[in-house]
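Chain naming follows the written order as A, B, C, D and E, and within any one chain the residues start at number 1.
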Amino acid sequence: MQDKTILATHGLTRRFGGLVAVNEVDFDVASNEIHAILGPNGAGKSTLINLLSGEIPPSEGEVLYRGQSIQGKSMRQIARMGIGRSHQKTNIFPRLSCLQNCELAARIHMGGVFGSWRSRLRAHAVSERAMEMLETCRLTHRAYIPAAAMSYGEQRQLQIAMVLATAPSLMLLDEPMAGMGREETAQVTELLASLTDRYTLVLIEHDMDSVFRLADRITVMVDGSVLESGPTEQIRTSEKVRDVYLGRHDEEVTA
Amino acid sequence: MDLAFFSVQLLNGLQYGLLLFLIASGLTLIFGIMGIINLAHGAMYMIGAYLVYDLNLRLGNFWLAIMVAIPIAIALGLIIERLFLDTLYKRDHLYQVLLTFGLILVLNEAQRIIWGGDVHRVPVPAPFDASIQLTDNLQYSVYRLFVMGVCLALAGVIYWVIRHTKLGIIIRAGAVNRDMVEGLGINVRTLFTLIFSVGVALTAFAGMIAAPLTSIAPGMGDNILITCFVVVVIGGIGSIKGAFWGAIIIGMATTFGAVLIPSLASMVIYLIMAAVLLVKPRGLFA
Amino acid sequence: MTEAHSTTPLIDARGLHTYYGESHILHGVDLTLMPGETLSLLGRNGMGKTTTLKSILGFVPPRRGEVFIKGVSTAKRRPWQLIRQGVGYVPEGRGIFPGISVREHLIMAARPNESGENSWTLGRVLDTFPRLGQRINHDGSFLSGGEQQMLSIGRALTTNPDLMILDEATEGLAPLIRDEIWKIIHEIKASGIATIIVDKNIDHLLKVAEKHLLLVKGEVVYSGGSQGLKDDPSILETHLGVA
Amino acid sequence: MLHRYPKRVAIIMLILTALVAAFPLWGEAVFGTQANFMLEKLTLMLILALFAMSLDLLVGIVGLVSLGHALFFGLGAYTLALASPDFSPASMWWMLPLVMGVSASIGLFIGVLVIRTKGIFFIMTTLAFGQMLYYFISTSQFAGGTDGVFIMFRPSLAIGERTLVDLDNPYSFFYFCLGMLLIGYFFLRWLTRSYFGQVLDGIHDNEHRMQALGYATSGYKLIAFVIAGVMAAIAGMLAAMQYGFANPAQLGWHTSGEVLMMLILGGMGTIFGPILGAFAYEILLFIYEHATTHWPILMGLTIIAAVLVLPRGIAGLIIAPPWQRKRNNDDAPAAKKEQASEAVQSTTPRKEG
Amino acid sequence: NEDPVKLGLMLPYSGTYTALGEAITNGLKLAIEQEGGQLGGREVEYIELDSEADPSKAPQNMSRLVNGDKVDFVIGPVHSGVAMGMLRVAKQSGAITIIPNAGLGAATNELCMPNVFRTSFSMWQDSYPMGKVAYDQGHRKIVTITWDYAGGKEDLAGFEEAFTAEGGEIVEQILVPFPSTEFQSYLTQIASLEPDAVYTFFAGGGGVSFVKDYAAAGLKESIPLLGSGFLTEGNLTALGDAGEGVMTTLHYAETLDNDANQAFVSAYENAYGEMPDTYAVQGYDTGMMLVQGLSELDGDTSDQERLIDVLANVELESPRGPLSFSDSHHPIQNVYLREIRDGKHEVVSIAHENLEVPDEACQM
């Protein structure tokens, strides 16, 4: 297990003023696994992802990526180490076309500012890759439309295509399925499932069907702390998790 | 620098700072809260001064002149907002910058056509046309003290409205997302028109109340404009509190900079601004 | 007056054609909603659900077609005027204002109920969403996604509408809270407030809504009650991909 | 954002360029004895076009609205003025690199500071730096204070003893400026279509997302800022060469405002638009000043009208002429449509994170 | 010659200096109107170009007049920075330029051009005489204050030269950022320095503000205020009581008791309904210079060398007293000591008679 660990946190803590959003979280992800993070709203899941991707610095604790601390590294450096992410809120380039969105994502590994300036040759490869990602996410027909002119759900799909295009080895997805329709959710779920041989995935999602379908392991957070962590089956049946997160009786609702 | 000298300078700095706040408050209201950069701010300040000069001559009473001038200023704001700005909220700041740049030209030229190029003044009105002795050879106009009081009072009122009333919440929300406020069933358009007019009136009012302290001349607005920008940026755009402290800082810096480092006097406010932005890119109170 | 109320539709939209610039999005959508009714708008991503709502509320006025809210034509009226007539709008993307605290969100648009009874007040919203109570003085934009969703619904409720429009209201909510929201939607329905819901949870929609409108590329392909959909599962299957 | 325009853009620009380049052939016939003066005016327009174009890189492409761009224009002028020897012409061979070097290093220095700010703050900080340099120059004895300085001789462009271009000759100087403008244009066009340009587009749209993708956005912005500064400085140098004079007013914020105006009048983000804008602005100014001493009112109203009805500037008219728009338009007036689609965009939150 | 004489007026008609531009234009036109609107028997065409007092536009504006409109004479500007830009083009084109105001010393000294005349003053000329006056009045320690710009500094230099030569001391020279009119902290500084007197150069709105603030601070009683005439010129009504007793030196005063002035003042009042000021006189003298010069040549402007020669030798009985031109084409004129009494500049004495300015660098 230990040798396969790609990402680990030790005593990771983040405070906002008096509020402890993430509280001494120890958490590890093995390579090529899909690790889901569950928890009620406001449990600190997004904050955790923000800490992992370097968007905000931790108050305490550290993050090890492939055994190397990401302490003090900028968002950019972390991205270049191979950690890619999507945001909970749609975060795309509204005025660029769908394809250009993906191209920008696909391009980041093309070297420094000036080096890449010249690389006309590789431009072709980039477009091809971007197109491929759009196809994967079923957006080919939207390639030349400005992202702003797509529906909300389509924009969410584009987000995923962009993360994929950066070819990260570790993907942090913050509620990728939110805002998507059923069918699209199912599609994306399948898509993600098919990626496991190439990527490691940390997934936040409130869509339980997808989570249980995808996750190898699940960590449940409550009020910033880890409540329980373990294989999917364990979590699915855990009483504690039911109490704070899943709820018990789907049927009673209509009564 | 002896103590008396120092305290008088402190008073000068405070007074200048408070006046700057009054002038800048309209800017920060319009500029931060409504998201409009009003380059014509200075021109509106000038118009306020000219209005009170003109009305003072006609009516023979400064206070009456102010009473009449304020509605005129509000009307001016109303017209400008409805005619020009209403369509610009959804566009980039750039367009507001340019539109108000055009307004400067129009307003300045209108001033010239109406009032000509001469320098004018407004006498200090009763009952404040007296002085108090500060040091053995230096007096201080009571009117300046009065202006300080007015500035402080207005600062308090504006702060209270923005922070602690429902109207204030709506104004702040409207600055971020007009459509969503409209989506709550609130008439943002009229609200914004009103705010803009109030902002213009505040600025013009600053010009009116400052008129007895300065000379009224073409171009007087251009000079104050940039200083106001610096004030607002230092404090943090859109923050009334920020504008207040920014104005006090600039007031003090101008006053003491002039005496302590005369060689840098003309640049001192820009240096402060650069320094502030270096440490806090969004201003001190944003 | 009450008599008239029950017979005039709350919303009566006829033949809406809506465009974004040159692109023709809605192709003659009809929609009727009576007081107290609950209607669900179904359709895949990008089919025009949100656009329909925005057309009705005047954010994107239809180029052709007419909308009447409570019998009054919406032509030439601004969105705020339409919403003032008693609409609570929870847009997709939540529309939370940065720099404004939770409490301020909940008082900024508050309007008491006309009848005065059973009003949604700050207190009642906080009772419903205790989480918001714990964050009452926080900046709205710093809330977690789900908390923002609660805030957005709570804010709409404080206007005491008789029509709630919920565009993806359960997006990003934890299952427990999502159930909570469905409960509230039922409650809202029970209190006589009409509702239009866009959501991806079709099972729930079938339970709560008595009318459904299924959109495909801006055209209505199904309009009717729940029974019709249950009777002919192929409708949902072909147009929503629901097995 | 695609930086691809209909064919007619290229055709119109080509025709205009040819027309301008051929001025010596037709100028005299049209303007008679005023031809020389018109040539001078035309040269000035070319210089201003270069200036406006450089600003487009910042404003139109990267989305950073600068109200202090005149700083670089003035810097170019002053570098030339102060570095020129008193009694002989300087050589272009080292004057040009000097101007570029000075403006690049000052651009780098200021850039590092201002790049940290965004939106309104960027507008204000650039304004402040512009004013800072303005006051510095206008109180500096060595730079002639508010009176400015003379440049006694125009720099020469020669190899050894052989003059390549006689810059003292108004016609040669005109072609020299035209050449500089064309070089600048093709450089910017190449730049915006390159990988670098696409990154700038991305930054313009959503800088935060670019950072999350792993782009060093400040680096790109800084480079763009410096490039824009250097180009503006070259324009400033040319302007100083033309009239042999540098003055602090060249770097005041009014100049920055005017060049922004040329940009918007021409159509920002298009590179070719600002060229048209500079010409249009100068021509209008010339006409208005001739017509009345109340010209500021006319100019002001023109600016206001342009902002209100021509948000995409002259370039917008060429790219999508109104009669073309009408053809596939049903019934709603254009303005209303635009408002509607914008309304939708702004209901979704503008800023993320 | 049937063509009209073309006069290009490059003066500010917008912005801060509008009043000056208009007064000069009025004076000039008055002089020519008095000759039946003709110069040397030729009609006159005015081309008025707003200089906006913007130096950066000066070269192109000048070029427009000279190369575009092909004017015979350029008259302007008001602002020294603009003058620099104009003179650059004047040098290249050789156009005859008459400066009716701008006081930069270099114009008729270092920059020396035969085709450039000045009918106004130089900063030095108006302030130098005050140095002696101040000393003679018994002041030994003086604080000087002006804006931190070229014109202000040139003015103070003239005063200092004379004052220190007499044996006085400048205790402090205060430079206020241009164009700030926020003077309170400087007044406090002056009060604490307790000099015998203050010498100052400000103009326009700045002048009004300074004098008013000076009076309001109660300093006028204890520390006499001396200044260059521009401090109060054109500002008398705006100054009101605050100006009473302020002493300034200038080459003109509207109360000057000579025939030419009396005739001028009443003609000006008739024509424009207001009292003339120095600027109007400068415009008027520019007109008179052209009138005299061109009538001598019968309107023939073709021979430029001759024209320059004739103009250089013009001698006027101006409202300001006798006026002639030095080798550098700068006015030789009286400078008067004036005091404001009852809202008027009363002439106290002639501070310096027929003062010629230093122009070693320019001997034509």
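Here is the rule we use: contacts are C-beta pairs under 8 Å (C-beta built on N, C-alpha and C of every residue); 3 or more make two chains touch, one makes a residue touch a chain.
Here the structure is a predicted model, which is why all the values come from computation and not from measurement.
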Mutual neighbours - chains that touch subunit A and subunit B alike: C, D
Chain whose Cα centroid lies at the greatest distance from that of subunit B: A
Farthest chain relative to subunit D (centres taken as mean CA coordinates): C
Intercentroid distance (Cα basis), subunit E paired with subunit B, Å: 35
For subunit A paired with subunit D, centre-to-centre distance based on mean C-alpha positions, whole Å: 43
Separation of mean Cα positions, subunit C and subunit A [Å, integer]: 29
Set of subunit D residues in contact with two or more other chains: 135, 139, 294, 296, 343, 347-349
Subunit E, residues touching no fewer than two other chains: 14, 148, 175, 177-178
Interface hub residues of subunit C, defined as touching at least two other chains: 20, 59, 91-93, 95, 98
Residues on subunit B engaged by subunit C in the complex (per definition of touch): 166, 169-170, 172-173, 176-177, 179-180, 182-189
Subunit E-touching residues of subunit D, taken from the complex the two chains share: 33-34, 36-38, 40-41, 44, 135, 138-139, 144-148, 150, 242-245, 247-250, 252, 254-255, 286, 289, 293-296
Complex contact set, residues of subunit C against subunit A: 20, 23, 43-47, 50, 92-93, 131, 135, 138, 142-147, 149-150, 168, 171-179, 182-183, 186, 200, 202, 204, 207-208, 240-242
Subunit C contact footprint on subunit A (complex, rising order): 16, 19, 38-46, 88-90, 149-154, 156-157, 175, 178-186, 206, 208, 244-247, 250, 253-254
Subunit D to subunit B touching residues, read off their complex: 59, 65, 67, 113, 116-121, 123-125, 127-129, 131-132, 135-136, 139, 253, 257, 260-261, 264, 268, 294, 296-297, 299-304, 306-308, 311, 335, 339, 342-343, 346-347, 349-350
